[in-house]
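Two complexes come next, and they have one chain in common, chain A, joined by chain B in the first and chain C in the second.
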Partner chain A sequence: MAELLQFVITGLSVGMVYSLIALGFVLVWKSSSVANLALGQIVLISSWFTYSMLAQAELPVYIAFPLVVLFAMFLGWVIERFALRPLIAQPILSLIAVTLGIGYFIEGVITFIWPWSVDALPRLFPREVIHIGPAVISQEYVWVIVICLVVFVLLTVFFRYHKMGIAMRATADDQMAVQACGIPVTRVFSTSWMFACCVAAIGGILISSIGGITHGLVETGLKAFSVVILGGLDSFAGAIIAGPIIGLAESLGGGYLTPYIWAGVKDIIPFVIIIIVMCIKPYGLFGEERIERI
Partner chain B sequence: MSLPCGTRNYNYAEDMGIVRTKTHWVLLIAFLVILFTAPLYFGNYWLGVFNLIGITLIAAIGLNILVGYCGQLSIGHAGFIAVGAYTAAILTNRLEMPFLVGLIGAGVVSGLIGIIFGLPSVRVKGFYLAITTIAAQFIIIWVINHWSLTGGFVGIKVPYASIGGLVFRSESSQFYLIIIIAALCVFFAKNLARTKVGRAFIAIRDNDLAAEVMGVNLLYYKLLAFFIGCFFAGIAGALLAHWIGFLNAEQFSFTESILYVGMIIIGGLGTSIGPIFGVIFIRILQQLLTMELVPFLESTFTNFPAGFATGVTPMLFGLVIVLFLILEPRGLAHRWALFKSAYRLWPFSY
Partner chain C sequence: MLKLNNIEVTYLNVIRVLHGVSMTVEDGAIIALLGANGAGKSTTLKAISGLLHIEEGEVTDGSIEWNGERIDKKYAEEIGKMGIIQALEGRHVFEHLNTEENLIVGAHNRRDRHAVRQDLEMVYDYFPRLKEMRRNTAGYLSGGEQQMLVIGRAMMATPKLMMLDEPSLGLAPLLVEEIYDIIRRFNTEQKTSVLLVEQNVRIALSISHYGYVMENGRVVLDGTADFLKNNEDVKEFYMGLSALGTKKSYREVKHYKRRKRWL
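This part shows the complex of A and B:
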């Protein structure tokens, strides 16, 4: 029982982080239908940047965190402005390939600046463990869940009430109409990229505060795609709901299946889910099925 | 196809010919002669590079058929190469089968795995398919790392390739083996594009719904594309296994998959000459960077943390892929076509 509760809490919190990263993907996909495959690398580089701010420059958290957010926004802006803008209206293959290229480039930059490749973030959350019933859970997981929920609420409010948020929803709905209304679509694109990188960066900090900074974060970014696929590519709600499902599947499966199959089955579950979803319901739980005309 | 002045077609066979004029023949034969006498002028180091290029070329041709001709985006090619490599290793090392059985077996097994992971392509395309193939890559590598048959994290040894009593032990003998197979693959790919199958692939790439309406069997041709593409990957994997002699899942990472996509984009998608250019470009660049630039940087900037210069290679590769997509999306093959037409028309501009 205690075991189960522990798995559920860790699964939920990791799943929430997946949700955050997946939201970053959905944001960009909805506004500009670019599939951002560099998410994993963006997560990784923002974690390393946080590490530099906190451990190397030894800044206090309240200065470091805004700097990280600024950095992520800048990163998103640069990517959109210099790599994606020249490729507007290109076939999907080029758009996917260009994000792969960006990911490759970022990976090089990471090796260039932080070649030791494994490190731990300084403690962000209190160290004491919490007792929930019979289970013992380290506090980080609870904090992660809380922060994710706060970010979800902030994003929802932004999209509902802020002018830019409304413009972004409108662009997702109909690009031509939005342009005709005089909304600068290119600015919407770059804002969505800035937001996406920001959200991914927050997710990266949260997950690396639990597990440390390793190259595995790139894989975490890729695992977030299973959330996107399960929830539906163009659905915010889908991403938020599918994240915890994937997290739970990963943690419960990893917890209970490992004795029966080979070790490390945890890392593979999201990818298996991708294949299963593809075969059964390729447009996900909440995704809109595209009907094509010739 | 534009022909030199004075060359005309008198029958259909002539119209379909790949090698047309005397100059073509001379150039082709001269190229083949130079290629097959290469071990005379190059040392073992460069022969090793050529071997790697040949192996990569076979895999890239497969990917080009899948992505460039059929339009089915695959970002898990290194995974399929790994399947081929490990199949060959298991067949020749554990079961002690002859090399040729291992080679064909690697291709077939890899192709079948490709069909399994290609099944979603019947319903989805574009980004969905890209994600499926990424998932395939990770699942394959995970299985390899944990299955006792494959040697797991420890790796597996592979004996030298041998046909009959002939053992391909030295770099130069392996060079002949690899180059002959690579040449056959190039020939096959060049001809495939002109057959019914190739045209069906191109129709699917351009618009799969329209192709279906025209009577192209989507299920069959998409899976066939996956089979052919992964078959080539398997052959390349088998050759790689016998060439290196030792396998470890590290050699088939996700970044390697991205690099393969980069190669065919840099070369030019959907052209028969594209993969050749792309592979040579990337592999030579890689060789120069890792052998020349990285040690140079490491020894010059000693006050940086150790190992920083290894980041230069992925940085440059990423940059090259992005720049090619933005500035020359049709790749080096397009430049080559421009050069050829300029040469043909010289001294006039058109």
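This part shows the complex of A and C:
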């Protein structure tokens, strides 16, 4: 029982971080139908940047955190402005290839600036453990869940009520008509990239506060893709719900099956789930089907 | 006042579709732009609204002036801010947004939220149907409601010049009349000039003050609505009426019988 509760909490919190990163993907995909393949690298560089702010510059969290957010937004703006905007109206495949290139570029920059490649973030959350019934859970998991929920709520409110959020959803539907309304789509694109990098960065901080910074963080980008595919490429709700599913599958499957099968089973389970879901619902769990009036 | 001076539009640097189009839209007027498919009506609108850039088209000669300022090299968003808004042909609603959100997108460039609320009420006043549907997903509205939504969205920008591209497309005659009544009311009450592209010549001339007839990228005829309504060629070729004003009998048609005067 205690074990189960532990697996559930860790699964949920890691899964929610996946959701955050996945939201970074969905944001860009929805407004400009570009698949952002540099997501994992953006997560990694934001984590390293956080490390530099906290451990090397020794800034307090309340200064470092806004700096990281600013850094991520700046990164998003630069990527959109200098790598993608010149390619507007080009075939979508070249745009996707460009994001792949950006990813490798960022990786290069990372090994240049932080060549030691493994480190731990200073503790962000209190050290004391929490007792829930029989289970002992380290506090950071609970904090991660809380922070993710707050970000989800903020994003939902933004997209539902803020005019820029509404304009971003509108751009996803019909770029031409958005321009006919006198809205600069280029600004919509750069906003979506800034937001995407921002949530990816927050995800990066949270996950590296649990597991430390390693090169493996790039793979969380891959996990985020599986979340996105499971939830539906263009669905915010899908990403938010699919994240915990993947997280739970990982931690429960990993926790209970590893002793019987082999150690890597944890990493395979999410993909098995995806294959099964894809067979049944090809749009993903919550993907938008095309509205067709007959 | 909008002034087109002899503009030429070329797509992809080679395909010239407008060969010297000139027209004037006075403040507060309703101007109809008539013509068959492929005459260049929509291209003219896109040249004015700046949407041409997206389709790799360009105004290669002549000039477009809005209140004395040249706008033919400007982008759609700048032109939109100057008060010229185009409603695209074929009901480009944002399918996954609800009705009200669609309208709010139209008011994106407005600064004060309070006025946006008021405009929302104004649009609902013109289109009571939209108010009933305010929470419905736009993609599932009927064709007429979608057309109303597109016009309402253009109204939300409180434009000085509203350009409508075939608002009657694919709608039942009754609905067309309703929509045209609303356009006329909007024009008289808000003093917004309207530039109207239409295939439905009869209804377009019924509300407009002045009209231009286009063919093959040229303006071949222009005049007041009354003049155009009574013009033999317009009647014959665009309204399907013979000289007597009765419905044409196709049995008696000899295609060489009458030539267009402007050719």
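One rule holds for everything that comes next: the second predicted complex is superposed on the first by the 278 of 294 C-alpha atoms of A that agree within 3 Å, B and C clash if a C-alpha of one lies under 4 Å from a C-alpha of the other, contacts with A are read in each partner's own complex, and residues count from 1 in each chain.
Just so we're on the same page, contacts are C-beta pairs under 8 Å (C-beta built on N, C-alpha and C of every residue); 3 or more make two chains touch, one makes a residue touch a chain.
This structure is a prediction, so every number in the text was calculated from the model and none was measured.
> Does the chain A-based superposition show chain B and chain C clashing or fitting?
fit
> On the superposed three-chain arrangement, identify whether chain B or chain C touches more chain A residues.
Looking at chain A, the partner in contact with more of its residues is B.
> Under the stated touch criterion, which partner chain does A:V28 make contact with: chain B (first), chain C (second), both, or neither?
neither
> Going by the contact rule set out at the top, does A:L75 touch chain B (first), chain C (second), both, or neither?
neither
> Touching A:Y104 in the superposition: chain B (first), chain C (second), both, neither?
It touches chain B, and chain C stays clear.
> For A:A64, using the defined touch cut-off, is the partner it touches chain B, chain C, both, or neither? Pick first, second, both or neither.
neither
> Angle at the Cα centre of chain A spanned by the Cα centres of chain C and chain B: state it in steps of 10 degrees.
Result: 90 degrees at the vertex chain A.
> Touching A:A263 in the superposition: chain B (first), chain C (second), both, neither?
Only chain B is touched by A:A263; chain C is not.
> In the superposed arrangement, which partner chain does A:I210 touch: chain B (first), chain C (second), both, or neither?
Neither partner.
> Going by the contact rule set out at the top, does A:W116 touch chain B (first), chain C (second), both, or neither?
first
> On the combined arrangement from the superposition, state the nearest Cα-Cα distance between chain B and chain C in Å.
18
> Can you list the residues on chain C that touch chain A in the complex?
Touching chain A: residues 49, 51, 54, 56, 75-77, 79-81, 85-88, 92-97, 101-102, 104-109, 137, 139-140, 143, 153-154, 157 of chain C.
> Name, in rising order, each residue of chain B that touches chain A in their complex.
Against chain A, the touching part of chain B is residues 67, 71, 73, 75, 117, 119-120, 123-124, 126-128, 130-132, 134-136, 138-139, 142, 145-147, 207, 209-210, 213, 254-255, 258-259, 261-262, 265, 269, 305-322, 325-326, 329.
> Touching residues of chain A toward chain B in the complex: what are they?
These residues of chain A touch chain B: 35, 37, 83, 86-87, 90, 92-94, 96-98, 100-116, 218-219, 222, 225-226, 228-229, 233, 262-264, 267-268, 271-272, 274-275, 278-279, 282, 292, 294.
> For the complex, give me every residue of chain A touching chain C.
89, 163, 166-167, 169-170, 172-174, 176-184, 288, 291, 293
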